[in-house]
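There are two complexes below, and they share chain A, which is joined by chain B in the first and by chain C in the second.
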Partner chain A sequence: MNHESLLHISKREGLVWWQAWLIRLASLLLGMVVSAAFIYTITKLNPVRVYAAMWDGAFGTTRRAWVTTRDAMMLLCIGVGLAPAFMMRFWNIGAEGQILMGGCATAAVLLYAGNAFPSWLLLLLGALVSVLAGALWGIVPAFFKARWNTNETLFTLMMNYIAIQITCFLVAKWENPKGSNSVGIINSRTQAGWFPSLFGQQYVMNVILVLAIAVLMFLYLRYTKQGYEISVVGESENTARYAGISVRRVLIRTMAISGAVCGFSGFIAVSGSGHTISVDTAGGRGFTAIIVAWMAKFNTFVMILIALLLVFLEKGAIQIASQFQLNDYASNVVEGIILFFLLGSEFFIQYDLRFRSHSHKKEVQA
Partner chain B sequence: MAEEFAVRMVDVTKSFGHVLANNKVYLELKKGEILSLLGENGSGKTTLMNMLAGIYFPDAGQIYINGREVTISSPHDAYKLGIGMVHQHFKLVDVLTAAENIALGLPGGVLVDRKAIAKRIREICDRYGFAVDPDKKVYDMSVSEKQTLEIVKTLYRGAEILILDEPTAVLTPQETENLFAVMRNMRADGKSIIIITHKLAEVLAISDRVTVLRKGEYIGDMDTAKADARALTDMMVGRTVTLNIQRDEPENAQRRLEIRNLTVKDKDGVTRLDDINLDVYAGEILGVAGISGCGQKELLETIAGLQPAASGSSVKYRPTGPDGPAEELLGLGPRAVSDRGIRLAFVPEDRLGMGLVGSMDLAGNMMLKSYRTQGKGFFTERRKPYELAKEVVRQLEVVTPSIETPVRRLSGGNVQKVLVGREIAMHPSVLMSAYAVRGLDINTSYTIYRLLNEQKKAGVAVIYVGEDLDVLLQLCDRIAVLCGGKLNGVLDGRTATKEEVGYRMTAMAGAGKEARV
Partner chain C sequence: MKKLLALLLALVMVLALAACGGSGSEPAGDADQTVMEMPSTPEPRDLEPIAPADLKIGMVCIGDDNSGYDVAHLTGLRSACETLGVPAENIIYKYNTPETEMAYDACVDCAEQGCQVIFTDSYGHQEHTLRAAQEYPDVTFFAMTGDQGLLEGLPNLKNAFNHTFESRYVSGVVAGMKLAEMIANGELTDANYDEDGNAKIGYVGAYPYAEVVSGYTAFYLGVRSIVENVVMDVQYTNSWFDQTGEGSAADALMSRGCCIISQHADSTGAPSAVQAAHEAGSNVYCVGYNIDMRSVAPDAALTSAANDWSVYYTFALQSLINGEDVNVDWSAGYAEGANKIFPLNEDIVAEGTAEKVAEVEAAIADGSLQVFDCSTFTVGGEHPTSFLAIDLDGDFNGDVGEAIVDGVFQESTLRSAPYFSLRIDGITELNAG
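For the complex of A and B:
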């Protein structure tokens, strides 16, 4: 008669927040156990020692802890930038390009005005132009989407390649020294336009700026009229029109904000950490940040945790690769397994899995 | 002796949750005949046919194909029995060609013999008079071509019994004629055909026999030769049921909306509303009756500013009666309407897809129309919507775990209470509702009727688009009947009969002159 599957998947309703976090924690632990099994079978190393080495790689020295923090802040900044776009269900996978454009704009300011203006003015200018450049890179696909309903996923992705090529062009133009195929450290002697050290630490300003943006974005999304409009448009454009919201305007405005924050992280990457510009300035973080934004369900405070975890995994992987003479791929596998479990946990948070017994036969509505 | 019936369905029953979609329905289809399956919206026609096509599985009852009892538990089973159904929403892959769509899902190897398929398609086309280009991509096809392709697809798979679900709804009169010609050819070739429809003229034009369903029940069948439009309407709508809905005399009814020459075309240029002239009075409930898709949605959405109207159309809003100032509503859009202080409430048909934000809680939904004016500057006001949500929950007895629950998790009736509650809380001057009680239980339905009556008493101009004629006749002061996008008369709700409304829904009154009350 009617075929009934043994496994029944249904949408979960009303999971309390701490239950969801319990599932996430459990899957993190499970991921670590599976990684441990992998480590032991392949390398015969003691997994506990390997995990200790990972911790050491990320937080072992003050310097390492600060680098981990700096990179986590960068990732957080991009994730925060992506949040409004994703909340609007606009698939902005163009953060990579938006970061590069912001970075290029900042580098241009540092290079061309480095000797003309005081450092604080350079920073201000760098921040401003990076925000504008990022916003422009966000507005273009939004405009086309609003106007001709183009696919934003492809469009933002293509914008990345344009940004990469522009960066290549500028690197060649600004090459220093000639023939090195890199820009080198900009203003290395004067440190003009670099983030100043605060409290004797180099990256305190990165932390302050990014956390401030995270808080502001949290407030913007949750408590402002514009944030409310983003939620409505993301849920249903018909409802938005019904409520008198101009979908086009919200699209373009939100992508300007999203691109601007991503562009700002390009500013941080150049002025606040690398002091140079290259095609690796974004380094795939524009894509990693997508995981950060989604796993945190656009809650910018949760993003801090996720960004830290991801950077921790990355640093730890590098450490175990060098400490145990494993190649990079072994540590990438560990990173991959843990991420797989974390992302997979979202399925169990969304859906309830039940095995059906054969005894009760109930009609399934098609 | 050869079996006379291609299909016999006996006591077939199907329910969805608490809703009984088919209750012991009986249907028989003779070999080589065209049978019309007639009924109003929600009478269970499509559900019944979906069971024959293997999409739903009946709760009870028997199905006989060519005299043999069968179990149809998947569309694949149906195909093996020679049953093919053409659904209202076509199931074609846009980027593939006609031939590829036909070959899709057929048994056989990985390789597709395009030539052989194209040859067989041409054979089928020549035999019945179809026009299908096997190499044309579906996205290049008109609606009528897609439908033809769907029919050819079922024939290609060897269907002897064809089910067409409202095939003419998407066709022009000329295309309908072509379809009917093809159907007659197929009948001459010995195919048995069921056509689902609610258009009486078509029933009489094409079919040999007609089976009527009403509210999920089998009412009867008769030879088309012996039937006429009147008799079929009576079978379709049935006797009047007394509902005891309160209806007061309108007090101080003044003209509030003047709809003049309203014509609406959809994106494809198809006329959805054709030259509508209608007045809406404050302090009365104006019912709008019609088969679904006859322009009800367009009427409300155009007034609400969600759809553009053709030039020459006009909807004048007169807040203080026929002699007071007037404001043109068309061309404003919902935001400008509310900015001008016109309190236009609208309970749309698609509650969660248009009227509410499913993932937001009750309080968040309360601010949907008011968030712009409430709150200081840049920030939203949270307390007032929260208080309003609590008030709506208390007054309308909304069953919800809390104010913070996403409305998507509420039951259908409670979702509707939240929506109606919000719209009434804006103290509307015009309240439009589309299928306000669809899917609701009796008690909630009566709550909605009571709320609408309270609004009427408070001097609101209420428009009630409905599908249940008994409700329309007992709730509304006047009933405007739409038929194919045209206004087919406005009847007095107190004196009109069910048969009259039903008849006007299905057949246009004397062409050109439209009755107005």
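For the complex of A and C:
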């Protein structure tokens, strides 16, 4: 009996899925209320107008909605790539590098074969080499982990810097015009190797490809033997070994897949969006996607929502800076508060919080 | 993480640039080469006049009001709009726009919101500005400080650059006056001289680009117009904005004995470092850029070189209001009021500086003083006589456009962006290939 403690925390059991989502929704709303209070006290702006401006910035015009979608898809793709690695408890911090390698490989195809092949073949080739390059960048740390049990967090992180160096080297090599330290828009006249517009929209193909990958990854993780092996290795390597699973093989195979998907997002970044390659091609999204993957608990469909939310906050930030002269710092605070509440809500989903009282127990929710 | 990444990036840039910097001195001249000509400027467009109240402007910035570089542009644009009667709410701002497709998105978003004029303020925005300019031929795009307008030949893409080198020369004169005073008072120690008895000064540069080379050379020549025996070390940071990197570059230069530090990078890192050293008892001073650095280095900043962008923004917007097209390239300096230095730090500048500055500014404005007078400097021991400024085929060698006319290197006349990239005697680049 711990009759002295005022607060009693216990693991929750039997929370129905919609209850969990209710808690999440409540925390999102609460985060927005706190942000609104912050906005009002600091700037005396009407928070409703600020939120309306954020919405306008992200979805106000058709073009904006598509740009938001494009960026959300990019983030989603990387998150989907990270999911299998994280499920295996393999801390792949190297998405940034895997994206860059995929991007470089794609750019190389577009630059060197731009005039030689038809556009569809270029796209196919770009996709292929980007997947290979990303996979390679994933396999290297996995191999060292499997073989010599190196620390994959540091290893994948360091692989990023190698990728950045390689990208810098290639940018210097492919500079156009020379001395500009940028590759310029690749094939800007012919648009060879660019994603074609579908249904009159530039970014439809990005959406189709990424959603297809998200569905496939969901099925792979949830319903295949390999997916099961990943979660067993993630839970306990010893259990996996006892069950006759080759941990080494699972490690390397899973990281190849993880790297390949991240590399593929490099392909999307180059062929489907930026049409250039620079060290900013990944732009920190390899790290942001970690939040996407974790908050969604590796459920690729939930990732769609998280990715959209993050990109919405980013685009909204641009708009409130423009409209109300609220700079970066203000929107960072708003983003921080909302993420804090969302992450915090997981605690209330996992645990039951009760205050001790003599007569009755009062339940406290987020 | 971002910081670490940026730091490593910077490191990488050094290597990457070092790798390609070496090819700059290779001799040109391929017998089979076709004769190349200066690109011709596109025909001026027929434009409709626009009422100032209807003029909608997009302003895409790489930073925001926290960066001196952007502030110079923002102040210029805002004061131009005030002069011309363009309502302030007609400006759509896009702050903190990286040099990626985000810049293209920002341009297109401005165009979709009905902007007739869109400015991007960073050099690296220009490829994305160009892409937007191709898609929106009726909108006039200004890639400020860019250099591709002339080569691309798009009628709706413009470049502009002030004669920053003139401001730098004048700020160099201020530094020179101080240096002369320090030498006369015997304030310098042995560490402040090189083995040949030249006083040492330093310069924190962003990248080894012509823009930076042109600027530091002008500063150095300004100093040397006062003090004959002076050498300068240049330390690159490989970033336009890096508070820490610029600070440690300044520290490195001071530890080498440089007693006056100037800069071509956008943060207050270098002046802050010099102020700190000054407070710790070192006899060092600095010359800033873009911001009146007296705010961060009240005891060390002599003055700061500056551009007055309002001259160009006013000119460009006025032209469009009148329905007149502007030239692809525009460049102006002291003569037009586009350049200046911030007020002198009266407590520390040498006696007679204000008079000297007034004299030099007047001479630059009336053309009697040429900053890059080839008789005042040498390259490899010789006074240069020829320099082709415009590189058409991307091999780092100028192909057309003789820049040296009548013994003077004519900066920013063939195109607005600086192209003075001669490495003159007396200046040492510490960390460039």
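FYI, the second predicted complex is superposed on the first by the 351 of 366 C-alpha atoms of A that agree within 3 Å, B and C clash if a C-alpha of one lies under 4 Å from a C-alpha of the other, contacts with A are read in each partner's own complex, and residues count from 1 in each chain.
As a working rule, contacts are C-beta pairs under 8 Å (C-beta built on N, C-alpha and C of every residue); 3 or more make two chains touch, one makes a residue touch a chain.
Nothing here was measured: the structure is a model prediction, and the numbers come from that model.
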First, second, both or neither for A:Gln202, with chain B first and chain C second: neither
Per-residue touch tally on chain A - higher for chain B or for chain C: C
Partner chain(s) touched by A:Ser231 [first = chain B, second = chain C, both, neither]: first
Contacts of A:Thr43 with chain B and chain C, given as first, second, both or neither: neither
First, second, both or neither for A:Ser273, with chain B first and chain C second: second
Which superposed partner A:Gly244 touches (first chain B, second chain C, both, neither): first
Partner chain in contact with A:Thr150 - chain B first, chain C second, else both or neither: neither
Contacts of A:Gln191 with chain B and chain C, given as first, second, both or neither: neither
Residues of chain A that touch chain C when the two form their complex: 61, 63-64, 67, 160-161, 164-165, 168-169, 171-173, 175-182, 184-185, 188, 273-276, 278-281, 283-284, 287, 318, 321-322, 325, 327-328
Complex interface listing, chain C residues touching chain A: 1-2, 5, 8-9, 12-13, 15-17, 19-20, 64-66, 92-96, 98-101, 105-106, 108-109, 112, 123-124, 127-128, 130-131, 134, 148, 151, 207, 209-210, 391, 394-396
Chain B-facing residues of chain A, complex: 1-3, 13-14, 223-228, 231-232, 235-236, 238-239, 241-246, 363, 365-366
Residue numbers on chain B that touch chain A, as the complex places them: 16, 50, 55-57, 59, 71, 73-74, 304, 306, 333-338, 346, 348, 350, 352-360, 364, 367-369, 371-372, 375, 378-380, 382, 401, 409
